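Shared chain: chain A. Partners: chain B in the first complex, chain C in the second.
Up next, the complex of A and B:
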């Protein structure tokens, strides 16, 4: 491998090192395809993308928070609140679908607002503040559902159901939603004045403060946005299953954090970034799907996906070091 | 000097007595600077020997050589005629040399006795002898330091002066101390607390301990010390023997001794209406009752030693801290305190003293840093126009001669002077009307200094109000229209460069000015 790398012209060698992780993703892809040819079938590729929708949505909010130099352990709770608020207002109040969407997003924003108050007003560290929200939010869900039973609503308005299963010109609506959020977050974080300020706060908050940036306000907005975004994931999940499943959101927490840090490790300056998070999410979704198709023991799967992740990162980082 | 002269000065060590501790022809160089160049020191038993000099004169290097922290390139240290190993803190400790550092470093929830005996506990067959340690600590404080402090009190409940005495007791409790070095012992103390400390130091002198007393406060040096060595540029430039209350001026002229030259541009400001106004601003224990008026087109300086409250005052003005009382107003309207964003919104640009931590986002490039505080000017609908942003940063970098010229360079790669220009460029880009410059040339080479001075001058000429806080009195005299002097948290004088020379300004900041007196 290294002899092969060394034989490449200098420019493309640098490119390969920067995008080492992409090359490793490609290798994994080929590996899964060889192990099971149906992996590369069109239906399965759509499966992979669909499986990536909720992790991506949650991961985008997480990218924003990590770019602020913080962490949000309560994104799963925000997702649950989005799902719960929407289902309850549909089922118990007969609200129209669009109102349910707005209320669901507001539910997630509420979780973010709680975080913002704890972090900015009470100056609790983001890790501990969002851990607190994580526990309180989880407990509230169990209390509300009398022990954690799902709230199902089979007669969803068709428009709401379409969030998960609908198609526009043959493209699943959930993919369109994810793509729209992806573009929005890309513009927000990589092109807007807000994004520049977010990065300044995350890189060196003392200097950002010295430059007169409203650091507290930026952090607060970041957490509210992250909560609201995770709630969109909750809308997709609740529409898909036609129910609110308490505490389901926490399953996405580790994937979101992992994807953000995979993305950051690929970035030139090691920064969390939207396209990197997308790559991380697709990688995780691909590995989960590929291992599934191989029909491996359920208990073995987590260990294998962990191994693949660590090996891939180690390889790409070794390549990165060799460059410098 | 208005403070009463205590009957302590005293008990002069026998004249002509030989020196107990001798530092002989010590040289120590660091890359790019010769910190000590044959400096020496001789201290008699029972003597309090002052060491003075400006920042960078070599005082702290000399003390660190004595402490064994640095091994000198040349020279030797003799204690009672016997040479002690240099560069070995253990050997120095074993020889009976003790250091009372400026920082207290005491554990707040330990008792006085626990603190004093920490690491040297008394123990008997039944474990620690708590009662014996408490009694021994109290007896030592009483007999050696003339202080009554109960051994079972918590450090957290003590005043700063009492903590200082506990710190001293801890260094001396083993009874083996023969030389004690005090480094700025009074910096955090109030006037009455200083008297308390001085009584203790005097008690030690009577017991025949040789003491070295390093301080910026010349009024203290002239009062408590028997002899004073003056350092400048790593060399001894004078030994005042004996030193008396009237020797402050003599010490200053020995300490200083350089020309300001043509480093500073000439100016002719037209005074306008007050722009920044501080009204009886107070923040205990840092500063109290500060009044200040600053007009557009004017450069006003803040002078004061470390610990004078100068840094805290600047932090309050720029919104990094809140005052306990008093008010700040800009252009006649009160400024919301404690918010840098509010201050920036009112046209205040801050150039912080800790450039690397507070000034620049080091990982961002020069263009992003220049634009950071005024992104709205190069954006449409919330999105940065990247071409416009780069162009503006480029123009700004050229106007200020920032090197390298490529604004895509990461800010951390620039030299100190160029980083400082980037911080100034960021303030300029906001169109600020009030600049607060904290140590504007710290860590900046001489060439870049002159450029920064010219730039500050231009800011004022173009109508900005400029406040310069600096620990370099020569810089303030060269740059400012007026200078306010802070001493122990109070403005003790307002002077103009026309009527004040360097000696007098240094005297004012050190409280060693006979005419001005010190804030009691």
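Up next, the complex of A and C:
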């Protein structure tokens, strides 16, 4: 591997060290393509991207929270609330689609707000506060749905349904939504004063406070934004299935955390960052898709994806450390 | 205690607030006792303790990792893979006993070997490769759960092996056997971490890594040991998981993880310095189990229990956080 790497004069060694994970992604990509040529077909590539949309959206909010030095275990709940609020207002109140979108996002923001109050006002550590929201939010969904049955609504307004299945100039709307959020988060976290403040809080919260930053306010904004963003994932999920499935969001929690930390481990200073999270999400989606196409036993697939993840991370991080 | 003796208002408030978490729980247990006759009978109490064993044993492992790594969840020590190690080891033991006709000793040895190897893999990833514990153990837990599914083909395996039945129903000196063993483990862990030279150093590493390094402690060795020990506790817990479920059941890892994390970090609310402790994790596990059984016995709708549990955690932790703020 390293001999192959050294023979590419166009890439500086340092640059490559930082992008070791990208090289591993490329290797996995080639491996899957060899195992099944249809992996690289245009339709399947779109599949991989589509599969990454909801994890990416959830992961973006998580990136913001982890950049603040915190963690949010309740993003899945925010996603569910987004989906539930939107479907209920469409079904029971016949609201227009744009109102449903707003109300859904507000639902997610509400979860974030609850976290913000617990963390900033009541001084509960983010891990425990969001664990509490996780339990309460999950329970509320069960109470509301009398045990966890889905709420389906087949006659969605076409505009709402298009969130998941529509296309603009041949590009799926869900990809456009994800791209828009990606750009917004990139500008917010990596190219704005607000982002600088967020990272300052995450790196040295006391120093940030000493420098006069409104730490509590920034943390609160971070959690509300993360909740609202995860709710967008809920909108896509509910439009796609035309139903609200209780507790479905928790499936994205681990992937979101993993993607953010993959991204952080690729970063020069080990910081969570938007492009890193994107890479992490695409890697996870690619591995899931590639293993699916290999037609492996379902159980073996789970084990393999875990092992690939561990190996890829270990390789790229060792390389990173050796070169720097 | 000195806080109670002092007359100053802030100290009084602090002392009051630090008693609040335990008081809330005792009040609730009293309420269960009044509402559901039989709740405070020995049989129920023993049941509560028995149900708490797997979580408590996992909590022992997790608390040692947190103590060695510092309690900052994002950057410090955490091991999210302990429950999945237990599930993997349980899967191997169950598969060996039920499908390969292995002797109990062989089966348990294989399960434990896997648990230790899993702990070693975590240690390697964190101390040698340099991965954040959260990422490392999140990634390995996916792998361990996946491997356990491969072993059991994601099916339930019933066990009626004498070893598992004895662990479930046996008793020693009138005390259930499982309970006696778990108590032994907890006492050993407590003395190792809170009453020994090794434990003091372990806490020093977790308290301030740089200072520990300067003082000449081999920080990496302690971190590696903590993950190995957590793996070992995962292996030990696997036997109790098998005994509680009379076999290996797929899909228990996630619930175990949530309960273990909850018990361990809730335990911090009961320590005077609000830090994760070994006995705090055990107490946390017992209280979580008591609440589950208590709410069940007074007939609270099962959909509500998550809500009430979550609310209680938040109240307890908020009380202790506010106490810390007014105390300092």
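Here, the second predicted complex is superposed on the first by the 313 of 324 C-alpha atoms of A that agree within 3 Å, B and C clash if a C-alpha of one lies under 4 Å from a C-alpha of the other, contacts with A are read in each partner's own complex, and residues count from 1 in each chain.
The criterion applied here is as follows: contacts are C-beta pairs under 8 Å (C-beta built on N, C-alpha and C of every residue); 3 or more make two chains touch, one makes a residue touch a chain.
Since the model is a prediction, treat every value here as computed from it, not as a measurement.
Contacts of A:214 after superposition: chain B is touched, whereas chain C is not reached. Contacts of A:295 after superposition on the shared chain: neither chain B nor chain C is touched. Contact comparison for chain A: of chain B and chain C, C touches the greater number of residues.
Within the superposed three-chain model, A:193 lies in touch with chain B and out of touch with chain C [touch as defined at top].
When both complexes are overlaid on chain A, the residue A:203 reaches chain B alone and has no touch with chain C.
Looking at the shared chain after the overlay, A:125 reaches chain C, while chain B stays out of its contact range.
Legend: residue contacts after superposition of the two complexes on their common chain; A:136 is shown touching chain C, with no touch to chain B. When the two complexes are overlaid on their common chain A, residue A:307 makes contact with chain C while staying clear of chain B. Comparing which residues of chain A touch chain B with which touch chain C, the overlap is empty. Against chain C, in their complex, chain A makes its touches with residues 66, 69-71, 118, 122-129, 131-140, 142-143, 146-147, 254, 257-258, 261-262, 264-265, 270, 297-307, 309-310, 313-314, 317-318, 321. Those residues of chain C lying in contact with chain A across their complex are 73-75, 121, 125, 129-132, 134-136, 138-147, 149-150, 153-154, 258, 261-262, 265-266, 301, 303-311, 313-314, 317-318, 321-322, 324-325.
By the touch rule above, chain A contacts chain B in their complex via residues 187, 191-194, 196-197, 199-200, 203-204, 206-215, 217, 269. The touching residues of chain B, counted against chain A in their complex, run 318, 320, 339-341, 343-345, 348-350, 352, 357-364, 368, 371-373, 375-376, 379, 382-384, 386, 426, 430.
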